[in-house]
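Following this line, the structures themselves.
Each of the next two complexes has chain A plus one more chain, namely chain B in the first and chain C in the second.
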Partner chain A sequence: MPDVIPDNSVGLVSPETYQFDEPLTLRSGKVLPSYELVVETYGRLNADRSNAILICHALSGDHHAAGYHHEADRKAGWWDECIGPGKPIDTDLFYVVSLNNLGGCAGSTGPRSVNPQTGKIYGPDFPVVTVRDWVNSQVRLADRLGIRKWAAVIGGSLGGMQVLRWAISYPERLGHAIAIATAPKLSAQNIAFNEVARQSITSDPNFHEGRYLEHNTSPKKGLMLARMVGHITYLSENALRSKFGKNTDEQLPGSSNFGRDLKTGKLSFAFNIDFQVESYLHYQGERFSENFDANTYLLMTKALDYFDPSVDYDGDLSKAFAHSHCRFFLMSFSTDWRFPPERSRELVENLLSAGCQVSYLEIDADQGHDAFLLPIPRYMEAFRRYLLRVHEELSA
Partner chain B sequence: MRPDLEIIQHWIAPDSRVLDLGCGDGSLLHYLREAKNTVGIGLEIDAENINQCLSKGVNVIEQNIDFGLRNFQTDSFDTVLLAQTLQALSNPDLLIDEMLRIGRNGIVTFPNFGNWKSRVYLMGRGRMPVSKFMPYQWYDTPNIHFCTVKDFDALCREKNIRVLTRTVVDNEHQGNWYMRAWPNLLGEIAIYHLTRD
Partner chain C sequence: MPDVIPDNSVGLVSPETYQFDEPLTLRSGKVLPSYELVVETYGRLNADRSNAILICHALSGDHHAAGYHHEADRKAGWWDECIGPGKPIDTDLFYVVSLNNLGGCAGSTGPRSVNPQTGKIYGPDFPVVTVRDWVNSQVRLADRLGIRKWAAVIGGSLGGMQVLRWAISYPERLGHAIAIATAPKLSAQNIAFNEVARQSITSDPNFHEGRYLEHNTSPKKGLMLARMVGHITYLSENALRSKFGKNTDEQLPGSSNFGRDLKTGKLSFAFNIDFQVESYLHYQGERFSENFDANTYLLMTKALDYFDPSVDYDGDLSKAFAHSHCRFFLMSFSTDWRFPPERSRELVENLLSAGCQVSYLEIDADQGHDAFLLPIPRYMEAFRRYLLRVHEELSA
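Showing the complex of A and B:
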């Protein structure tokens, strides 16, 4: 945490755990007899409970979206750029709810939890959860918090898919659906990358068919590889070039070395790390593998792969939105090749066909899929203005 | 409100669906929603205009209409509006077809190049007209397809488009009897209400 908490930070926050004893039937047909959800909230719920915003996290996210847990925290929550006083999701105006989804590894019931029926850790026996299951659990959370209708449900990437599911399955329970850098379903290329990630994990000798915790180990190497592959897909080539091309100007002004900065200044002529991008990926992978659970990673990638709301409507996505009376706000980023603008345009087209009210922006940004987490001025300004208007309409 | 919009809004039915191509800051759609309870969508490419739309709660899609409107379904709107943009399009004729495919009726406004001031300018100076209203040089103008009222009438005939109403006004958007008598000579802005025949 910085020495002085900035005015636009939500500051120190602490999560709360909610226990749910009513069994939850999952899309797979399996049943979670009971579960816990870990939740953080920022801002204050107004008297008529109309100013609540739900934040849906993406693949590796959790409930800690903004602020700091301890004074010693180095990093703020994952969407701190967007959530706080005066920020686009303004905690002076809105009551913001952020949870860790089922199957996660940050405190909500997931593969690291104890299965109440066996008394043992779930591990690989934790059922495959889908976006729909998450949204069903989020509905119960809303009921528990006494929130009949969200002012907005907001998410990027896999979080955006949850937003779309809310709009399809519970249209009367949200005013605005804000889905950023997302897609109506994964492409074959997306699924292919996910499968490489899963294979990296399951082929790690420490994976033990998912029962690594019982063996007091974890498939760190596999998880690290999975994250490295994933991380490449989050960044654009331009982002990598500029991140690792700092020496460009010294070499030849105005030229690019395509991000090929060397780590030590010379080639090793061995199979060591030669380029900075390699050590960066190693670092990202290693850091991730220390905290994240491999079974959770497998579950999250499956939830992504399975998402396709059109399956219930003969493949016609527009029919899925036929009853979505909420208003939609979509944004995409020009260099995002994981969920490129075409995928958002596809969504817009289907929303228009369904007669929905939709706004859509295509933000020029160099940072690839990661852009949705970053304070890109045009993105922040449009986001802020949209939500200011949402707030004005609440008080009107 | 811009005076041409003031004229246009009389042609838009209450509770109808309106698509505004090049919606600017969203003023018209905002007004129509408040006054006539319409559901509107605007297309716009200017970032500041888009922000203004968002602030007004006007639905806005960042989309260049010059790249087509294939993402809009046939008969999905009551009225499709194209205000002061026709002359800047690569294929204005195709866009008119698209407007009347998507909407039951269309409204088009454009600067009339047949106006006497343009004629005098070209005749007298022998150079492309430049005015306060159209301040560009020939090489940097976004307006690449100027036409006259007569030209547009001819296009409508060719395409079997029915002109429900045609009105011309001056740059202050005032009309009078002599403009109605000699629209192509005296009108500065042409406003058409169109439908499929």
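Showing the complex of A and C:
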């Protein structure tokens, strides 16, 4: 935590755990006999329970979206830029609910949990979960919280896919669907990168077919490689260049090449790190591999690969939204090559064909897919104004 | 070999080995005491030795650029589409020289060779070689073959970097520099992908710090992963989609999603292969890992990372070409995101600033970086016409 909590922070927050004892049948046909969801909430639920917003997290996210867990906590939640008093998702106006999804590794039931039927840790036996399964578990959470209809369901990337699934499967239970930097299904290239990530993990000798915890180890190197691949795809070439390179126009003698001459001023002529972009990726990958669970990473990538709501509608995406009542707000970022603007435009076209109300904003930003996590002024402003209008509707 | 050799094939070819006993000082300061280069030639050298063309290969290429090695050979050389009688690099007109570069694994001195100073296999002790070192070794080959001046030096990708180095370091020794799908230096993203590939290889438990041959093994899994990453970056999203997916416009019911429903018509709900793009990448990666040397892969990626001729010229690329006499012909491909057209345009601008004669063609092609290996009509035709003019100049 910073020395003084900023006025626009939700401050100190504590996660709560909700136990669900009714079995949940998954899309695979497997059944979770019972499960727990870890949840954080920010702001206050109003008297008619109409001001609740659900936040859906992406691949490596969790329930801790805003604020600080304790006094010594240096880092705020993953979407702290967007959630707080006066921020786009304004906690003075809305009651914000954020959970860790099933299969996660931050407290909700997942591969690190004990399987009640065997008394052992699930590990690789945790069933494959899909976006639909998550949304089904989120519906039960809404029921538990007494929220009949979300003012909005909001998410970016894989979180945006959950938003779309809400609009398709539970049209009467949300007022607005806000899906950011997302896609109606992955591209072949996305799937290919995910498969490289999975292969990196499963071919690490410490993976032990997913039973690494039983061996008191972890496939850190494989997870690090998976994260490195992912990280390259989250950032744009522009973002990498502005972090590590010089534009040819601005090149200073000897300072080109992304941090070449790292320390000694010379190339290693060995297979050491020569460029800052390499050490940056190593650092990011290593830090991630210390905290994240490898089996969860596998599950999250499969959930991404499997998402394709058109499959149940003869491949016609617009039919998937035929019964959606909510209003849609989509945003995408110009340099996002993982979920590029054209994928959002594809969504817009299909939503319009389905007769849905949709607002769409394409934001110029240099930061690639990561932009959805960053306080880019035009993004923040549009996001804030849209949700102000949502709030005005509630009060009207 | 096909049952009947096509008329426009160079037919059966045999590599030759040239031994060089004069030590070669490398850019790293290390010295190769002696080395061998494996070479193939196609066509006939004319009386005044003016019709020779040098082919420079890319990351995974070698000397076998055209024709067949033996009757049972089903696959022609890697650039057979471009080299042969009546083809763009017409062997009825030109004498074509193609070599395996130092550090390679197809016969020239490299990590699999015996170090004459120790009597042991080089393995990881083979020195890091740069594009400049390769060109220096190619100059000696030219001397040995009695070729004072190449009619043209030609290469794509990493091969194109060698072409640029020839034009900078040996301006009087080539008439034309033909650089295809290349760049004046790598982007931060390119370097990042290369580092992921290197980490994949070196973290394979069978790598044994590069001494895998001594352990009678090979880091196949790591090399496979490296190739999978590479392969994704060589192909465009369009190429992947047309191989494995359907355009949304053309979607047939149930047939979307890149070969989902691979065999059984169902998703696996496990970490198996679900999509054709995954099995394709596995197949490509595995095939590659059976033939290619992991230490060579490491060397090739470092040669790519280190290439930046502007470094010796205060970061001003145009100064690098100030003494180049040759004419330049550059081509790039619209969907190549590894070496995109803008990198070629950057080269064109710098060549023009340097006062060089340069022709540049940007070709619409769906195949990404791989396009430079494929018989795309507009590409083939432009290539053929340019070299016809080169030949006419020689006869004039």
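Assume the second predicted complex is superposed on the first by the 377 of 396 C-alpha atoms of A that agree within 3 Å, B and C clash if a C-alpha of one lies under 4 Å from a C-alpha of the other, contacts with A are read in each partner's own complex, and residues count from 1 in each chain.
In the analysis below, a residue touches a chain if its C-beta (ideal position, glycine included) is under 8 Å from a C-beta of that chain, and two chains touch if they have at least 3 such contacts.
Only a predicted model underlies this, so the values are computations on that prediction, with no experimental measurement involved.
Participant: Of the two partner chains, chain B (first) and chain C (second), which one does A:Y386 touch, if any: first, second, both, or neither?
Facilitator: The first partner, chain B, only.
Participant: Have a look at where A:F271 lands relative to chain B and chain C in the superposition and call it first, second, both or neither.
Facilitator: In the superposition, A:F271 touches chain C alone.
Participant: According to the stated criteria, A:R345 is in contact with first (chain B), second (chain C), both, or neither; which is it?
Facilitator: The answer is first: A:R345 touches chain B but not chain C.
Participant: Mind telling me which of the two, chain B or chain C, contacts the most residues of chain A?
Facilitator: Result: the larger residue contact count on chain A belongs to C.
Participant: Can A:T17 be said to touch chain B (first), chain C (second), both, or neither?
Facilitator: Neither partner.
Participant: Name the contact category of A:R327: first (chain B only), second (chain C only), both, or neither.
Facilitator: So A:R327 only meets chain B here.
Participant: Using the touch definition up top, name the residues of chain A that touch chain B in the complex.
Facilitator: Of all residues in chain A, those touching chain B are 327, 345, 348-349, 352-353, 355, 357-362, 378, 381-382, 385-386, 388-389, 392-393.
Participant: Considering only the defined contacts, which chain C positions touch chain A in the complex?
Facilitator: That would be residues 27-30, 127-128, 185, 187-189, 191-193, 195-196, 198-200, 202-205, 221-222, 224-225, 228-229, 232, 235, 237, 240-241, 243-245, 248, 251-258, 260, 267, 269-271, 273-275, 277-278, 281, 298, 302, 305-306, 308, 310-311, 314-317, 337, 346 of chain C.
Participant: Show me the residue ranges of chain B that touch chain A in the complex, using the header's touch definition.
Facilitator: Contact set of chain B toward chain A: 17, 39, 41, 47, 50-51, 53-57, 59-63, 71-73, 76.
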